[in-house]
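Two complexes come next, and they have one chain in common, chain A, joined by chain B in the first and chain C in the second.
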Partner chain A sequence: METKNQTKTTAVKGTLTAGMIRELVRNIYRSAHEAKAQGKKVAYFMVASQYDEIVRAMDIVPIPTENYAGLCAAKRDMERFLLRAEEDGYSQVLCSYARIGLGFDSLRKELGKIPENAPDGGMPEPDMMLGSSAVCDPRFKWYQAAGRYLNVPSYSIDVVAPPVQADLNEVRDYYIRYQTEQFRGLIAFLEEQTGKKLDEDRLWETIKLGDEAWRLWYEIDRLRVAVPCPMPTQDHFSIMVAGHYYCGTQVAVDFYRQLYEEVKSKVEEGQGVIPVEKYRLLYGGGLPPWHTLWIFNYFESFGAVFVIENVYRGYDPVEVPSYVKDPVEYLAWRAFLRFTQRHERARKNSGHPVVERLLQLIDDYKIDGVVFHACRSCRATTVGQIHIKNLLGRYTDIPMMQLVSDMVDLRDYSEAQWKAQIGGFIDALSARSKR
Partner chain B sequence: MTATEKLKKIYGERPKRTRELKEEGRKIAGYFCCFVPEEILSAFDLVPFRLQGNPKDPVDQADAFIEPMACPFARSCFNQALKGNYDFLDAFIAPHSCDTIDRLSNIWFHNRPVSFNHLLNVPHMRERGAEEFFRSELNYLVKCLEEWTGKKLVLEKLRETIRLSNKKRALLRNLYELRKKDPPPVSGAEMLEVLVAGMGIPVPEYVNLLTQYVEEVKSREVKSISLRPRLFLWGNAIDDSTFVQLVEHSGTWVVMDDLCTGSRSFWEDVPETSDPMEGLARRYLNVPCPRSNYPRTGHREVDLESRFGYVGAFVSSWKVGGAILYLIRYCDTCELEGPDLKDYLNKKGIPVLMLEDDYSLTTLGQLRTRVQAFVEMITGVV
Partner chain C sequence: MPSRPGLRGSMPFGGIDIGSTMTKAVIIDDNGRPLGSLVGPTGVEHRHLAYRVMEEAARKAGIGREEISFIVATGYGRLNCPFADRQVTEITCHARGVKEEFPDVRLIIDIGGQDSKGIKLDEAGKIVDFVMNDKCAAGTGRFLEIIADTLGIPLAKMGEISLQAREVVKISNTCTVFAEHEVISRLAEGAGVAEICAGLHEAIGGRIAAMVRHLKVEGTAVVTGGGAKNIGLVNVLSRKLDCNVQVPKNPFLTGAYGAALLAKALYERGERGRVERRWEEVTFFQ
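Presenting the complex of A and B:
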């Protein structure tokens, strides 16, 4: 059963190290179950909330509910959870990650145990839920709503970023102050829940590990400028697990070190993802189609390889001023610098930080075409893609296209339509390369 | 013309009155949602204009700029801008109310820029520095407005505009009070029109009209007609009275609401603090919108009470017999809130109809059927 599903959804990967991810994912849920059994604290947790290192420093075992939703989709076992949430009154167009999460919680509550054969053993009941306003709105509302099924405390923090127009010198101080306060609120909550104080040295340690993992990840991506490309986007969608779900641990650092070595040797040996690289593509944005990752191999059958992407590794390493001596302030500074990395440039050029990033990638990675993925139920990563595409079009004439489906909900996906659209896109790439 | 007629006219011809003001030399500041303090705009002599869509006008141009899975209300607003219907704006201020408005603001700034374009960040949380942060954001907005207008903000003037906006709020609450009567002297549809009429004219002008209007309403002779169920309406941007009419034509009265074009927009006064920015930050941060987080304070019941206690007070004081939750499709925060509010109201014995709609009038037929079935169901109950 499992093998059959796997071939339906997953893609053939470019690197061997990426193959280790499957075990890391299993381990997320296994660790959570073990921790529960040992009486350790387990928390529902939102990816990219900038609080990872705090959670790790407090020895709380995270259950990334979004990842679980993606996992269900990759296993093509999402229907029962989606439908359950819809029965409970949640809209069919609500974030499908949230629907899967809520549907899962609802079923687990009703059954009094984990739903039968849930992927990777299912998510155990958490001791708490940690929401955040980073990336999108559903990320704090979802856990608020989950209160219907779980009588556990929840805590959400704001994660703020100034708009591109803002004069950073005017707003920097109060943005960082607020962010710091929000982290402190979270820490106070976690201290109350765990009955122990945060150890600052330990927090510095997890921060160092987090930074090191993200630095290595960045270096790996820099290696991918090589022609032919040593690691494709489908690998990225696996290996991001280390950076996001193991951030602040040695596991992530070790994993990226190993991956770095592999990618580096591929570059040295001139080994590419496909033998003949006709077109180098940029995955311009949007969550991956977890249900249909093989689509990347389909592109490859036309000689088109996705060499870099604008999702999950949303920022490059930043330098927090050395006078910041407090680890919590450090985290707030780091978040601010990450989010405003391309603001100055954008103000001078396109007026849009993401466009700046894409332009830079197009240049560095010798990109021939850009593909966006619109997810019908994810506003945060979808709304604005057309706009970005329009703005990009003012600076480059490479072909671009937007595929539409959802990150998990298959009802929004049509294979025939995608194939037709991809065919047209490949034609455009070929026409341009002949010019 | 009576104030009733004048308000009806302003609503019906919106934004004609705003255009006239523009021709008279006034500067117009367009803004979204309930988070941009009109007091600040008024203190700069700008006419605050609440941006709205037009459900009667299909979205025919926005697709080239914004995805179809974005909030249809937001798309409709932008479609109006693309058609040139908002070409009278001098300033455009978008609060970060939700993902869609945030994304839309950038699209708007690029494609329909006006003289002053600003995004106001609004915290989603309410504690741990949120108020101070929001105050800083408001101060920054003021600073940008000063640069743009070339005028310094006069604090005394800001205090004055706060007092005046509070007066407006008091008049509106007064009107809502009158709706406690059975039957109410003002229908829900009329109330909405009166509210929307006020969202594009200077506050002093509106206060004058309202003062007169309240008297006119008080003197209305309300005939005792057959008892109709009294409904509560919850949702976001209902800025066209057609839907409310439909509900009332199904044999009900909409007597109370929690809409961002209704009570949510004016219910609480701005406290008159010594630093006016402090009062503004507190008041606007606490607008009860699903886009903001209420920290969980205890088990489920306690949590629901802390989030929806004010709704509970509304439905009991206005003697409500049923509630309609009107969710705009693709509005994640509302869609996550709806089922909880439904649970809460149901526990209070209030039947609830939860509708999801796409902010267009093409679905009226379907809506009517569902509303009528609901009304039939509750008429047996009340």
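Presenting the complex of A and C:
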């Protein structure tokens, strides 16, 4: 019930390896500028589109536009891009990642150069834009809208997942065939743009690197089951850069290998994020508040540590049958298995795969409370959050809370409101722990 | 809460609830009995005077400010309250204050100037769950305050006026800015003030009821905060939640009273106050 004034604390022990991420982020945009200067192809690129390894195998340098929006927010330099997009007619209710990207493109076009002091040197003009329907519809339409500012081709693929009620044995072949066709369409487009054929051996190589990076990332998260938790959520929201923006490269594998060793040694030494871990929290979903990541320190000042997250590493490793010999089919299989890995369990229990994942995390990680983040401009991760929270409440009585703001638009955030809510949430955690 | 002369010889405790619009202070004796209380404005020009509300409450209790053994601050202004010994969230303070007057209640609806909350309690009065409105002003006292200004009626009379309505004028917008425009349009169309007030209470009560239903609590609810003074709103909440709604004797003071009771409990557990209190101004979130 006590209230603390402290918002930041130096007592939080992040990992040293995660500290390398800042340079990896800078390198994303620096590499893109260098590639442009050398005449290599660069592409606007969407996170978690399942096509990462294809792009890497074609030696195309990706520019992750959503990451750039998050970067602008973390540096609190997003307003000029948001306002520019709104000036161009994009509503404030549209995806704020897209608004930052479109606003940036608009300004760059008007100025004929990168906007002054743009974070990390800004995004160069791409040679192509690769959208996808994975996760949400703005990702399918964003790059089409960007055609207003950029005279480069765009290609969006459909990324599909069956509904939870579907009989997987019945629909599996159809979904995998369709997904394979989507990937082959993208490959044909990339071959046309780059003027070279996809090397299948090279694709297998990037797939192996991608799988290994994601396996290591999973293993790192499993280490966080330990009490006290060895790695803070602030690190999770940093290290996802390797898994998503370096997927299919040795860089990601090396990074996670090093991080795994560090986290493992922290577990062995019993070293936690904060000296006294009173409450273990689950970040239940929603994109993170990139504009105010220090809010996690505020939780920690009450002894509450987020030990696992249901965002950015949305699926665990899967095993594609060994008879799949074609790398493109492998990617389609892998996507299908990732998206359906909790369908069967959901059908038998809550009916909702996300609820199943959360229940599993609550159990495995000894969770005391769940926090969701509703983002006003992200329908995909926000719509259904209350339903998930209510469903979850049928299986657990731990306190849950939904904070509301946006992933990057600071205008949707209220510090006083959040602190009041967090205070109440800590009260509820404390009351439950004394019961 | 009745104010009465101080009881010399007893050990007084203080609670101060520094809300977004009002500052409330309560002094109790070591039996938990109220000795004095005061409600003063918080507003921009008054917030630095929060400590004077405490001093005045002490004066009404018949004691000097230096005699208060332990002070708990709550509300939005609690964080930087230099004369308080401890800060406690308003959720816990409201729960404690309500528990004293309504020991069996499991649901509190606090309608303040800046936010509204639903608080679910267990049988011991401990917080099980809570919900709050988001940062939008709809569903808060501030919403009603702005519309009362637009209608040219005192905020304190709004509830009673709404009871005279022959029909309910539907107000579709829950956004305060748009609702204000809508009210002006309805007035221009000839709608009556009472009917508009009834419509506003339907809108705001519906929004709060929808929020509180998430807590899934049955039985009596207690409404606290300035909103509880609005009989029109309380009636709408009772109807929409289909439950008996009770209002404390002085709903403004519930949080401060709970804070004072917690001050007493903390003191009895061995906590001690500041050696020297800083009777200085309170600073707020920017």
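In this text, the second predicted complex is superposed on the first by the 422 of 435 C-alpha atoms of A that agree within 3 Å, B and C clash if a C-alpha of one lies under 4 Å from a C-alpha of the other, contacts with A are read in each partner's own complex, and residues count from 1 in each chain.
The rule is short, and it goes like this: a residue touches a chain if its C-beta (ideal position, glycine included) is under 8 Å from a C-beta of that chain, and two chains touch if they have at least 3 such contacts.
Computed from a predicted model, the values in this text were never measured in an experiment.
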*Quick one: classify A:R379 as touching chain B (first), chain C (second), both or neither.*
first
*Of the partners chain B and chain C, which touch A:W142 in the superposed model: first, second, both, neither?*
first
*According to the contact criterion defined above, which of chain B and chain C contacts more residues of chain A?*
B
*chain B versus chain C as contact partner of A:Y68, first or second or both or neither*: neither
*Is A:W217 in contact with chain B, with chain C, with both, or with neither (first, second, both, neither)?*
neither
_According to the stated criteria, A:N151 is in contact with first (chain B), second (chain C), both, or neither; which is it?_
first
*After lining up the shared chain so the two structures overlap, which partner does A:E415 touch, if you call chain B first and chain C second: first, second, both or neither?*
second
_Let me test your reading of the model: by the given contact rule, A:N390 touches which partner, first (chain B), second (chain C), both or neither?_
both
*Touched partner set for A:S133, first chain B, second chain C, both or neither*: first
*Taking the two structures together, which residues of chain A meet both chain B and chain C?*
386, 390
_chain C to chain A touching residues, read off their complex_ = 76, 78-80, 86-92, 114-115, 117, 119, 122, 126-130, 132, 134-135, 214, 262, 285
*Would you pull the chain A residues touching chain C in the complex into a rising list?*
1-3, 5, 386, 390, 397, 399-400, 404, 412-417, 419-421, 423-428, 431-432, 434-435
*Of all residues in chain A, which touch chain B in the complex?*
88-91, 93-95, 98, 131, 133, 136-138, 140-142, 144-145, 147-148, 151, 153-158, 160, 162-166, 170-171, 174-175, 177-178, 181-182, 184-185, 351-352, 374, 376-377, 379-380, 382-387, 390-391
*Hey, which residues of chain B end up touching chain A in the complex?*
64-67, 69-71, 96, 98-100, 103-107, 109-110, 117-119, 121, 123-125, 127-130, 132-133, 136-137, 140, 143, 290-291, 293-296, 299-300, 303, 327, 329-330, 332-333, 335-340, 342-343, 354, 356
